[in-house]
Amino acid sequence: MPTRELASRIDRIVQLLQRVVIFAVLWWVIAEADPDGWLFGVPFVALAVVASLGLTPSRTWRIDPPGALKYAWYFVTQSFLGGIDVALRAIRPSLPLDPMIVRYRMRLAPEHARVLFADTVSLLPGTLSTGFEDDSLTLHVLDCELPIEQSLRDVEERVAGVFGLTLSSEGGDLRVCETLTGDECE
Amino acid sequence: MSVIIFGLASVLMLSVIAGLIRVERGPNPADRMLAAQLFGTTGVAILLLLAEAMEVPALRDVALVFALLAAMAAVAFVKRAWHPGPSEKGGGPS
Amino acid sequence: MTVSGWTFDILLVATLVWLAVRALAEIKLFKSIVLFIAFGLLVSLAWVRLSAPDIALAEAAIGAGITGALLLDAAGHMRGRAEPYPVSSDTEEAAGGEDDA
Amino acid sequence: MSQTDLYTLAGSALFVIGLYALITRPHLIHKVLALNISSAGVFFILVGIARRVVGPVPDPLPHAMVLTGIVVTVSATAYALALAKAIYTETGVAALDAGDIENEGDPGE
Amino acid sequence: MPKVTPTSPFAVRVAALAVCAAVGALLARAVLYIPETEQGLAPLIDANLEASGVTNAVTGVLLNFRGYDTLLEIAVLVLATIGVLSLGVKQTGTWAPLAAQADPVLSALARFLAPIMILVSGYLLWAGEHAPGGAFQAGSVLGAAGVLLALSGYARPVWVTRFALRAVISVGFIVFLATAVGAMLVGGTLLEYPRDYAKTLMLVVETLLTVSIGAILVSLFIASASPAEELRHRSRGEA
Amino acid sequence: MIDAISIALIIVGALFFLAGSAGVLRFPDVYTRLHALTKADNLGLGFVVLGLSLRADSWVVVLKMLIIWALVIVAGATAGHLVAEAARTSHVVPWRRRS
């Protein structure tokens, strides 16, 4: 199948160029736009690209720009709310906390999306990811009064949007765990 | 202006000192470790403020290095110093 | 030197000396290592205040990145010698915050 | 009393604190920490001296020496810790004064 | 849990306290009374900086004016590495299987940060010529990247053979020594670089030093850190 | 004017840092403390960066500070996840209001 081979080759070149651009911009910013820096910049950008390709060799996923922008806006506003929420809880004399451990069945399948999901969730109001178990993410929730399930579903949709993924119809539900390891969840 | 920024850097220093109380109290190794994580983030903020107040742009590079290594201690802690409990697969009792 | 600069310096130096004393006086191995890691981070800030950004950079990379990892690894290797790790829910320390809620 | 004096005095204090702990604390890791803190104290004094120069720029020579010192300290620390761990693996004890350690906690606990 | 004896016997502590107090008092007095009129070496270094090939005085001192300090320092580093390697915490392949078990979040962090650390290390190397930065700082960041990878289970990529590792560890020292001796042979004294080539030579030496220091710091960590597998075995054996 | 806004933003940032430390001190267990640490401190740093950006000389410096902030966010989220996971797998019991 020569066309497929060609497509994958083009894909690889596009991937390479993307990373070159990313790291070159990064160098440009870190070196504060000093044009003299490129003598070192070029080889080190190349090294960084090689390292990046070596560590994350074949990228089977791509980023969907509109989805990524949507995610970014959502992330900024929600992490802002998350910070305010936890700061207020921390300074209120009554210390309004009612934590619990929950387990959320993820509708996202690919690992990279799950990692982004877990990292994002930790910065949103009232949730902290504490580990994967099969298809579920175990979370610590600061206050069980918060609408956790809905916001988790929202985050998951935003994360899926970043990579242009479709969510599985299975999952997306939350169970409260009585025990620590989440063995017996309701 | 730099007077105010120095003052704010001192406030952040106080927040670091408050975090040290958590290191002292523990009670759990993880509690102490998370306070150490706090110093990384606060340290970045202090360095950025000092870069402005002392007019030394190179301090932003120090802040950059701090930020890059902020998770290092936590990773080393989880991977090397903390041993999984009895229930975890493959982990012997520690 | 401005007053607020002095405030910062005095806070920093006092914390440094206190951390050094505590890190060395502490019996619990892990705790003294965490105190030392905090000490290393603050030493880096002290270099900044001594207008030695060169040294601050090296200290930041080495103190935060490598010495800390080496020490934590050593602590993991010798664990239990100085501080028992809470491994089960009935360990008194593991319950967390029973006293300081 | 200047800002520099503050740091050189703190450096002297750190050196002495480290020295005292080096002598009195039996645990090898404490000794390594003590050495590190002492050397931080020495570095403070060196850089403090650099700032006593009246000119507009601090003397770069002590800075370069301290930089060298920091890197040497980390390699010494790594070596010392490797030795300490080897000692611990061989003997089950990680302290110089074995008499004090007999009573210490059981690692299996 | 039996009590740990915290310190040495009482008599030792008293004696140590006395000695340390005396040392401390002397030291404090000494640092407070260093005369301020001293000129220091700053003007001298300033005047000759142009000849060193760089504009950051600290880098100039490290690699040119007092190059032998740095040369001996890198020698100390190489020796320490040899020491740690020869202490022989087993250098088996136990690091490799870790990759499979590594937490996806942790491995994502390492894959994300390590290339950026390499880039920043290059930046610091470049910046060292005119601003704070230089081979040591760059090498430390590079080493930290390696330590992070090691912690995340990427300790030994297949292409790093032991020979290659040793070559990288020693290349900085060897080339530095070669330029130092070469400078002596060309004329002048040890480490006195010919003025016209100073900049190029320092660039080469610094780059190699960075790579060497990075490799040394990583091997110090990997060699002295016991693989997790071994820890697990140990804890099983103890129980 | 810009100076005033910038200082105000930095003050807000410092308040978040203080609130984060208050949380780390007052919250009852390691999980809740991790919440305080990851969320409040990252937001605090965001405000500090925002405040300093208003005073920055060039756009590149602003971008550089934003990159530093992004790195801290990634580090904070990952460290929070890892420490919480370590605590949970070691059976550190979460604090509950009831029971």
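First chain written, first letter: the chains are A, B, C, D, E and F, and each begins at residue 1.
The criterion applied here is as follows: contacts are C-beta pairs under 8 Å (C-beta built on N, C-alpha and C of every residue); 3 or more make two chains touch, one makes a residue touch a chain.
These figures come from a predicted structure and were not determined experimentally.
Enquirer: Quick one: how many steps at least from chain B to chain D, stepping chain to touching chain?
Expert: The least step count works out to 2.
Enquirer: In terms of C-beta pairs in contact, which of A-E and B-F ranks higher?
Expert: By number of C-beta pairs in contact, B-F is the larger.
Enquirer: Centre to centre, using CA atoms, which chain is the farthest one from chain D?
Expert: A
Enquirer: Using the average of all C-alpha atoms in each chain as its centre, how far is it in Å between chain A and chain F?
Expert: For chain A versus chain F, the centre distance works out to 17 Å.
Enquirer: So the centre of each chain is just the mean of its C-alpha atoms; given that, what is the distance between chain C and chain F in Å?
Expert: Centre separation, chain C to chain F: 19 Å.
Enquirer: In angstrom, rounded to a whole number, how far apart do the mean CA points of chain C and chain D lie?
Expert: 13
Enquirer: As a quick test, compute the distance in whole Å between the mean CA positions of chain B and chain E.
Expert: 22
Enquirer: If you look at chain D, which of its residues touch at least two other chains?
Expert: 13, 20, 25, 48, 50, 58, 63, 67, 70-71, 74, 78, 81, 85, 104-105, 107-109
Enquirer: By residue number and range, which residues of chain C touch two or more other chains?
Expert: Residues 5, 25, 33, 49, 51, 53-54, 56-58, 61-62, 65-66, 69-70, 73, 75-77, 79-80, 82-89, 94, 96-97, 100-101.
Enquirer: In chain A, which residues are in touch with two or more of the other chains?
Expert: In chain A, residues 26, 30, 32, 95, 118-119, 180-181 touch at least two other chains, as defined above.
Enquirer: Provide the residue numbers of chain A that touch chain F in the complex, in ascending order.
Expert: It comes out as residues 26, 28-30, 32-33, 79-80, 82-91, 95, 97-101, 118-120, 122-123, 125-126, 128-131, 138, 140, 142, 180-181.
Enquirer: Which of the residues in chain D end up touching chain E in this complex?
Expert: 5, 8-9, 11-13, 15-16, 19-20, 23-26, 45, 48-50, 52-55, 57-61, 63-65, 67-68, 70-72, 74-76, 78-79, 81-83, 85-86, 97, 100-101, 103-105, 107-109
Enquirer: Okay, in this complex, where on chain B does chain C touch?
Expert: 2-4, 6-7, 9-10, 13-14, 16-17, 20, 23-29, 31-33, 35-36, 39-40, 43, 46-47, 50, 54, 56, 58-59, 61-62, 65-66, 69-70, 72-73, 75-77, 80-83, 85-86, 93-94
Enquirer: Please output the residues of chain E touching chain A within their complex, sorted ascending.
Expert: Contacts found on chain E: 104-105, 108, 110-111, 114-116, 118-123, 125-127, 149, 154, 157.
Enquirer: Using the touch definition from the top, list the residues of chain E that touch chain D in their complex.
Expert: My answer: residues 1-8, 12-13, 16-17, 19-21, 23-24, 27-28, 31-32, 34-43, 45-46, 57-58, 60-62, 65-66, 69-70, 73, 76-77, 80-81, 83-84, 87, 89, 134, 136, 139-140, 213, 216-217, 220-221, 223-224, 226, 238-239.
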